[in-house]
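Beneath this line is the structure, given in structure tokens, with notes to follow.
Note that the chains take the letters A, B, C, D and E in the order they are written out, and that residue 1 is the start of every chain.
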């Protein structure tokens, strides 16, 4: 199996605090890796490094052999990355054009349908509820069918149906060969979707491997093993 | 039992869209009501009305017999309401003074300890991870021991430990007589904590009553009943 | 080692300055038109030149930082700008005094004077901005960019007397006119004093850089402590 | 009493947020220098400058004010802090007053630096009537600050934002600025006051009182949805 | 090609956002009007005004520009939109160019309004050399806009951003402003161009080219962490 994502000995400092410490991680092409860890462990920092949004001091990071800045992964961060004063449709049009998608209009309409915002497509984002925003942000991220998806707590504020919709999106993305890393605190959902898990604690990678049956039955297992 | 929160025939319009439709709801003093509903159902709107942050067109809303603007409930919204460029401690000092708490300094220190931010108390909030922010926001909300707590998706981004901490805070608050309404999509956690549940759908209240044993065993039950 | 170089440079500068001052006041005669005051030239123009050279050195270090991400280059750029700024201010002040004596006014808005003042403002802004940014990589990155933009103005300062008819005298120095505009004895002292002032600047830069790198060492030691923990 | 205490709380918080370090004074100083230099470029002869010194100064203040006021409520937008304050026992009036106080302090600091630099650049002696001058500055600055706070509140309010109210609020400042300019001109040129000039002072005072009262009354309307 | 297409995309998006919210246009427009009104009070003699008209106008543009540029990248901060753009295939250079284009259009609109008001208030006929004047305005405004975009990006994450931006860009703008002022003065007073004046035009063009090139080169450095 080829590695889609390769991190080797990466350190990231904020001032003199090391938020990521000597992390070496390979994610196979086509797998879905759940990045787990307590608040402040360094999940967001790691994902931002992979998205090319954050510099790091030591080590190397590569996505399909190129630097994160060149890989243009689909990235969904804590901030959701859509404009408050544009409508849902305008947002998707804009980001579709930015991503150089072939038919921005029809793709945008299709995605509005998929994430259940077809009725609200001409409302401004500032009029959206929190969950509707998150759905729009998901559409924005998946829109250009990126080969690598970096999702930071994508389940936030989603209702049961939207969670099912996102799970389906993830399964479908894997089927077309995309590689996924997602961080989350919703262990149960994560275990169902993930093929691999990684646990990060105080910036250090404590575990990385396949998601086992035992984890599926007891989502909190990993935390307890490394307590 | 006296009602702490009384909503009678409340309608709220955004332009010509009715986000809250004829909602009549009483929440008993000392109870904990989980407000459930799909994305865009109207949970946030309802909580904002109760916090006095949103006007409404018809009906009446009272908290302990006074209008929401005078009741000064403890409110935690989607935005977390802390300043990015103040440290955690400075934030709590400020909000403790705003709430006219007796000993702002010691109370702030105590709460930093409780939410697990004692080590990070002099960091600026902009340096916090998403979960650390949420913890700080919880401290900000509970700090002045309000009689009514309005919590909009308080579990967002919290890790397992922080969820346990929040559950404990809620139990403790009820013990001292506080009334709680919280909205969430994390049904499992909600069912464990709540004494009552309310379901809102397209702005209409579809269900309000005690949380039954059946719901505890099957958190999705309510949604299925009203499908 | 670096300390010794700094001390050595400072000593050389002091010796040279002493010699120059003796030559200036005891050997050279008064100038025909201006009298004694013309001697201010020996400080006025070299200060300007050293300042401008400094900005280009800082430009070089800024570009070096951007290609190498080596913080040493960043602190060198910053200390060079700081020292250059001092000499630019010396140039402004001596020029002002001279203007007061010769032209009867402290200041006029001609191209040379204006651009020289703007240059000071730009690099003052550079220092203000550096102080306002706490994160070291961000500070180095942004101030390097600003330095590159600022140096465009230095070119304007230098060329202003060629491009515009100004109150300020046109080019006189040999390397710009091809020679002949300045008395050789005067030119000799002029360049000697230029050298002296350049040495003072180098000594100051060395001291400043040492302070900066000490601060950086402390910083990285602290990181190391965290790394071990 | 409570309103004042709360207003002070807000003002202190705002100042802490913006002025964490003494670098901010550097920044204010640099700003004043740059603007004044820009002015002298635009109007080359210094003689002219002396004549219009009063106007010049207040223009700089109005510009610095615009930059400061734009931030004053915008600072409450990230993380919905404004909501948190509105849900708290703090009254909207104390919020507006607090913002005005913070604006006042920041602007006054800027003004102090500006006038010192102005004196040096344009060779104007402004210390002769320093008492009266301080009074004029304080009165004028308070007027700008309270209107700036109201203006800031208006612009963050989504309901009112499209109403182009800022365009109305700004011209409201014109009478105050004219009064302040006339008085400053007078004091800088070392003339004595005529009854006509007291009129300007009165105008300043009336303006301050009226707008402060209006701000208190309308704070609720402006801030609460 | 791709850079230009992307830049246009960004510019269109920014203009759409601005037209919807009018955040900076309101503030900048109101401010420009107030300054012009104030100045018409400060100088009672219209003769004086004609002489300093060029300086006055460009000063107003520079000030209004600061209000516009402060927002230009700040608009990307809510919801971390800037991160999304940086993670996308869009190059930082096209982002800066796009912002500069949006700034350019907004500032030009502002200038049009200002000069019309100026003409009315001060009784100046500015339509005689409208072709040359447009050229001078376009060249000058592009220079201001590109610098405003670059330094808007540079200061977007700094505290005291509002003050920091003018501190840094105004000194850099001085040569350009002086050239624009000289040319505007000339064109407003209806004189014909001398060779010396072509120098000013050349300066404007060189300035635009140099700073645009530097902006393209340094966009990466400034925007990417």
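Methods note: contacts are C-beta pairs under 8 Å (C-beta built on N, C-alpha and C of every residue); 3 or more make two chains touch, one makes a residue touch a chain.
From a predicted model like this one, the values you see are computed outputs, not experimental measurements.
Under the contact definition stated at the top, the chains bordering both chain A and chain D are B, C, E. Within the contact network of the assembly, the step distance from chain B to chain C comes to 2. Fewest steps needed to get from chain B to chain E, stepping only to touching chains, is 2. Here C-D and B-D were compared by C-beta pairs in contact; the pair with more is B-D.
Centroid distances from chain B, each centroid being the mean of CA atoms, peak for C. For this pair, chain A with chain E, the centres built from the Cα atoms lie 39 Å apart. In whole angstrom, the spacing between the mean C-alpha positions of chain A and chain B is 28. One inter-chain figure worth recording: chain A and chain C are separated by 51 Å, centre to centre, where each centre is the mean of the chain's CA atoms. Between the CA-based centres of chain D and chain E the separation comes to 25 Å, rounded to the whole angstrom. In chain C, the residues that touch at least two other chains are 114, 118, 121, 125, 128, 132, 137. Within chain E, residues 21, 78, 159-160, 164, 167, 171, 174, 178, 225 each touch two or more of the remaining chains. Multi-chain contact residues of chain A (touching two or more other chains) are listed as 14, 55, 78.
Every pair of chains in contact is given here: A-B, A-C, A-E, B-D, C-D, C-E, D-E.
Per the touch definition, chain E reaches chain C in the complex via residues 147, 150, 154, 157-160, 164, 167-168, 171-172, 174-175, 178, 199, 210-211, 214, 218, 221-222, 225. Chain E meets chain A in the complex at residues 6, 9, 13, 16-17, 20-21, 78-81, 83-90, 224-225. The touching residues of chain B, counted against chain D in their complex, run 48, 51-55, 69, 72-73, 75, 77-86, 90, 94-95, 97-100, 140.
Residues of chain D touching chain E in their complex: 18, 20, 23-24, 27-28, 30-31, 34-35, 37-39, 41-44, 48, 52, 54-55, 58-59, 62-64, 66-68, 70-71, 77-78, 155, 161-162, 164, 166-167, 169-171, 173-174, 177-178, 181.
Residues 14, 37-41, 43-44, 78, 120, 127-132, 134-135, 153, 156-163, 185-187, 220, 223 of chain B touch chain A in their complex.
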